[in-house]
Amino acid sequence: MDETAELAAFRAEVRDFALTRCPPEIRAVVAANGKLGRKQWAPWQRILHAHGWGAPSWPKEHGGTGWDQRRRHIFDEVLAECDCPPQYHHGLRHLGPVLIAFGTEEQKARFLPGILSGEDWWCQGYSEPGAGSDLASLKTRAVREGEEYVVTGQKLWTSHAHEADWMYTLVRTNAEVKRQEGITLLLIPLDAPGIRVREVRTIDGWHHVNEVFLDAVRVPVANRIGEENKGWTYGKFLLDRERLGGANVAPAFRFLDRCRALVARELAAPGQALKREQLEYRLLLAEAELRGARELGRAAVEAVMAGEPLGLMPSELKLSTADTVQRIGAIALDAVGERVASRFRPVDASGPNAEVEDIEWVQNFMYLRAKTIFGGSNEVQKNVVAKQLFGM
Amino acid sequence: MAFEPKPMLPGDAHDAARRFAEASATTLARLQEPAARAAELAVQWDALLELGWAGMLVPEDCGGAGGTLLDMAALAEGAGSAALALPLVAVCAVAPTLLAGQPLLLAELAAGRLQPCVVLAGGITAETGRLSGRALGVETPPVPGHALVAVEDALYLLDLGTAGAGFTRHERIDGRLTLDLELQGAPARLLAADAGASIARARDLGALLSCVEAVAAMGTLIRQTIDYLLQRQQFGTALASFQALRHRVAEMYVAWRNLTGLVQAALRTPEERNIAFAKLRLGEAGRFVAEQAIQVHGGMGMTEELPATRLARRILMAEFEWGDRHAQAARLLAAA
Amino acid sequence: MDETAELAAFRAEVRDFALTRCPPEIRAVVAANGKLGRKQWAPWQRILHAHGWGAPSWPKEHGGTGWDQRRRHIFDEVLAECDCPPQYHHGLRHLGPVLIAFGTEEQKARFLPGILSGEDWWCQGYSEPGAGSDLASLKTRAVREGEEYVVTGQKLWTSHAHEADWMYTLVRTNAEVKRQEGITLLLIPLDAPGIRVREVRTIDGWHHVNEVFLDAVRVPVANRIGEENKGWTYGKFLLDRERLGGANVAPAFRFLDRCRALVARELAAPGQALKREQLEYRLLLAEAELRGARELGRAAVEAVMAGEPLGLMPSELKLSTADTVQRIGAIALDAVGERVASRFRPVDASGPNAEVEDIEWVQNFMYLRAKTIFGGSNEVQKNVVAKQLFGM
Amino acid sequence: MAFEPKPMLPGDAHDAARRFAEASATTLARLQEPAARAAELAVQWDALLELGWAGMLVPEDCGGAGGTLLDMAALAEGAGSAALALPLVAVCAVAPTLLAGQPLLLAELAAGRLQPCVVLAGGITAETGRLSGRALGVETPPVPGHALVAVEDALYLLDLGTAGAGFTRHERIDGRLTLDLELQGAPARLLAADAGASIARARDLGALLSCVEAVAAMGTLIRQTIDYLLQRQQFGTALASFQALRHRVAEMYVAWRNLTGLVQAALRTPEERNIAFAKLRLGEAGRFVAEQAIQVHGGMGMTEELPATRLARRILMAEFEWGDRHAQAARLLAAA
């Protein structure tokens, strides 16, 4: 079989697996644009792991599939096309590779299996209040006392902290040196004394991010990754590995499909023809942009395969999709807003319509604001692009 | 000195409504559960009625203040500047317009004894004085009592406690309370069989005052955005010094000023066409200002507790009240 | 009669005059979005002058109407509504007020009558190559030799220089001081030896701007306005008086009306319904913006009447209309571009269609690019607004 | 180092076409009168035919080079990068697609003896082999000789020297030459009565290669814009240091890259749907890049002689070739 045929066969195999083995109730949440939590992710990870597909991006010797970038891309695409959740990233894509590269044997033995099986749930303690995109300005302090660090400070935007077991955390261990040079990466169990997790209520009405307060939390030195004060290096390693994250445009296409179906259903009446045609035209423009982004994603995968530098591709991808997905969300809001935005949260526990149909479109519109803010805001991405283009 | 938006209709009414709305927001900010917020809103609503605002547009001989559109708009502007989460426009402006020529009901309204929600959007049918059907997301006083229901050109008054009438309450994205009404042959009182003109006028008044509220909210939101950017540092520099953000704020400001112009024209000459254009533009300009305010607030813009977020959601919601931009465009094109 | 009734009567009077006295062939050029030149403007100015309306913005003692700002605004609006050309501005609105404020009696006697009657035609020599919005960096030198200045340099973007008699010109008389302090305002006849005018071919295909080369042109000191090295003050005085220029949105409304008629005519076929509805919707959005701008213009007029500062109003007006008018131009281009952009200039002098119908829409689309560039680009306007809003 | 756009289809064909187009532009820049430019274009067109590009898509047994779509696209990309003002795509790609299955005519085309303009846009009727009607703004070789005319599903070959055929030439906004055809019972040769599929294929090929040309022109335009901003000072600072302009250029770049993605997908799989989406997006992205390039060039952007202006006008024109964005949207919606 040549490579093209092999890839086609692989695609078919993944599709068959996704459609037959991912529980319908989990796919239903994805299909409804719902919010995913550990409740959906953990069982799905167990199923993938049992099939040997728990870690597409890890080397085989650590329980990964050993797939190349092309296969990983196909895997991600097909999962999205089949309304399966994307894999939960904090353990598999973020911490795992760092552990594999920089962890001690003990750390690997302790933490990798739980990530693979979905038993241990991780979250990322990077951002802090007032830091925004300027990550290196973080202030959470860790003071060495014997074989422990005593950690005090506050993290913000900590996704999933309310359902996680562990947090990999950047802390400041030296305030005297250049900002990037005094940072250390620690693994902290969230049930440690001195930790308090508080929900940050976000505009979408879902609970996904938190503040995490650390008050003299004692963390064994054995939970430090690599060297003290080298945390920035590991954090950067992690972010660099994430640069292909935008290459998978398939979830955006599914979102577009759903929005198109919504428009057709909501605006079927003849009196709504004018509005429907406006929204259909806007959907076409959005689809065109997504198609362009999909091709850029493919080119990025091929660049990795060929060992070429990605250059501006991650920024191109993010700037090509983040706005577009927001615009799709806005089209949906225009379609159903009048009926749904007026019924955001039930006040009375019972009665008709306590569950509001299509409310997820309003939640998604709000939630999607984050697309152009987090993970390098659009403004930061444009700075990156301009710097490269102007050479200054 | 930081930017301070100037009101269109300055004066005592504006200031009183603004103070009321700011106090309301401060209290509500401490409450998260919808039921607790609804209870607090009920208390605030009683206080609002105490101030006599329900009678602002009611003639003096019916016990009202006999105020003008501009008097009412000044209240709406003050309330809007802090995104008041109470149905000021629906109950105190749209309802009395529907009840014009009904002195007894107007008197009840002015006295705060009649607190109707207003159902203009269709979906209800009438047969021999009994109403059936659903109306979703209808703005309501905290304790629902009555509904004014338009069924084509006819206007009915419905007691929500009557048999055949059921409802559920929700919070809107802007924190106001709404009803989902389920009517199954609920008996109602026919107030007028041929009220088409006054229903249209009432809807237009609602649309215009929604614009007034939104314009006021946009002014406050722009001020808060500027304050935030002045105060917030990143990479060692005030965000306010980045030209890309400065230009964005300039665009927000111009969009707001332009919409203000449309609203002022519609207040001076409150004709259907002027109102439709203002509401159409609110859809574009309001959405832009709300989205960009969230964007330039960065992560903070995603949090529900931030006052700017509350204002942004109020502005987004305003577009959907009394006919969204596509409804306005459709009627403007039909009239051409 | 109260003020409102008086203004209504004034409006009616102007309308009657405009419709009966402005020659139809001149109004036809305006109605066709054509390019105006001295050929249309000069006779129109003669007619206005003969009626005593030659200079709405001048005081009575100098031959002006003495109208207040409200009446001047009505006058401008009505002219536009009736497809009359706006008055040619270089003499009447720019130079005239400067002469009245700072000119000698001889200068006033020599130059004001020709401006009023339309006999002398003026252009403005301010911009230079490489200067752009940074006017104070101008390099054209004037060296005093006895009772003459010897002027050498180059002006750019000089509108109407090819049909003007005179140019009021900013020149550098002192290069040693702060840039703004070494500038002088001279009046230079365009038939003076050493002047060469060269057409700048612009993207719209019309001839309206020029380069003006000055090679040791001798200008009598008597042609200097005010003091040497104080030219910046007079130039600024002039620009300040122009700040209400954007208040008249009536021409933009006429442009919108014509575009709407074009869309209805061009896309009348049933097969074009989808496109027509798209363009009609965009026209509505543009109309909404223009209506907002019109009200801002009225507020600016009232502010002047009340002696209040204009503040940001001029920038608000420019930013509210320049983009919008460009968008209207784009709607027209979308309507007729396929048919017309392909026939921009005739190659063969004869044959059918040597004159291309509707070609002015393509020319206007191109011409309108200048709206957001000249007279303070959009970027400069936004800088001005931001500076005021942020207080920094 | 300043930005240099990378071609989609690098290689000898691209480089040759690019050098040809750059030399053409340099010569044409010295000529302003349309007649003089038309005469120069005629000379250049003969040189282009000498290079055998009219035979690129013609099978080898008809005297052509038997090239693929990608070979042709590489020529179009090179030519587009300097906005070549000659009808490369119409004559060398669309015409041979229409003439597929006509070996004699293909051989004439490859040899440069047949230089047809292509009329697909409607407006012409046929009666017993005689054509009547008008076609406006048809791209043409500098010396018009023949026309390939689609009348519904039928394809005709018309000698423009024949009685009943008249024409006028114009320059397009991008400097190419066009014909206004006036036909009054002009006798023509029926090449195929049932050529609907090949006509549709030919139009799609034209649309795709227009996109290729436009993408190439956008790359050059962005490069020139960056060079200009780096070099130009205002208020004592390089324009390239203003964040608002830097972000604008970043947006232009991303729009260009995104369109490039669509065009690459359509080149790999040249199906109707892929081509329609690429052409639809060209309407948006191309317009944006062209307008913004003019804007950030300031006053210089208004001058016709500036190379960037010429590129911008080429990009604007490309949208209108072979169906504009609304035509693409209409067929995509009809297919849904």
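General observations
When the chains are written out, they are named A, B, C and D in that same order, and each has its own residue count from 1.
By definition in this document, contacts are C-beta pairs under 8 Å (C-beta built on N, C-alpha and C of every residue); 3 or more make two chains touch, one makes a residue touch a chain.
This is a predicted model, so every value here is computed, not measured.
In this structure, the chain pairs C-D and B-D differ in their number of contacting C-beta pairs, and the larger number is found at C-D.
At the far end from chain B, in terms of centres built from Cα atoms, lies D. Centroids of chain B and chain D (each the mean of its C-alpha atoms) stand 53 Å apart.
Mean C-alpha positions place chain C and chain D at a centre distance of 37 Å. Distance between chain A and chain D, defined via averaged C-alpha coordinates, is recorded as 43 Å. Multi-chain contact residues of chain B (touching two or more other chains) are listed as 242-244, 247, 329, 333.
The set of chain A residues that touch two or more partner chains comprises 274, 278, 281, 379, 382. The part of chain D that touches chain A in the complex is made up of residues 1-3, 222, 226, 229-230, 240-241, 243, 246-247, 249-251, 253-254, 257-262, 264-265, 274, 277-278, 280-281, 284, 329, 332-333. Chain D makes touch with chain C in their complex at residues 32, 34-35, 37-38, 136-139, 166-173, 177-178, 180, 182, 232-235, 242, 244-245, 287, 291, 294-295, 298-299, 301-305, 309, 312-313, 316-317, 319-320, 324-326, 329-330, 333. Chain A makes touch with chain D in their complex at residues 280-281, 284-285, 287-289, 291-296, 299, 312, 315-316, 319-320, 379, 381-383, 385-386, 388-392. On the chain C side of its complex with chain A, the touching residues are 274, 277-278, 281.
Contacts from chain D toward chain B in the complex involve residues 242-244, 247.
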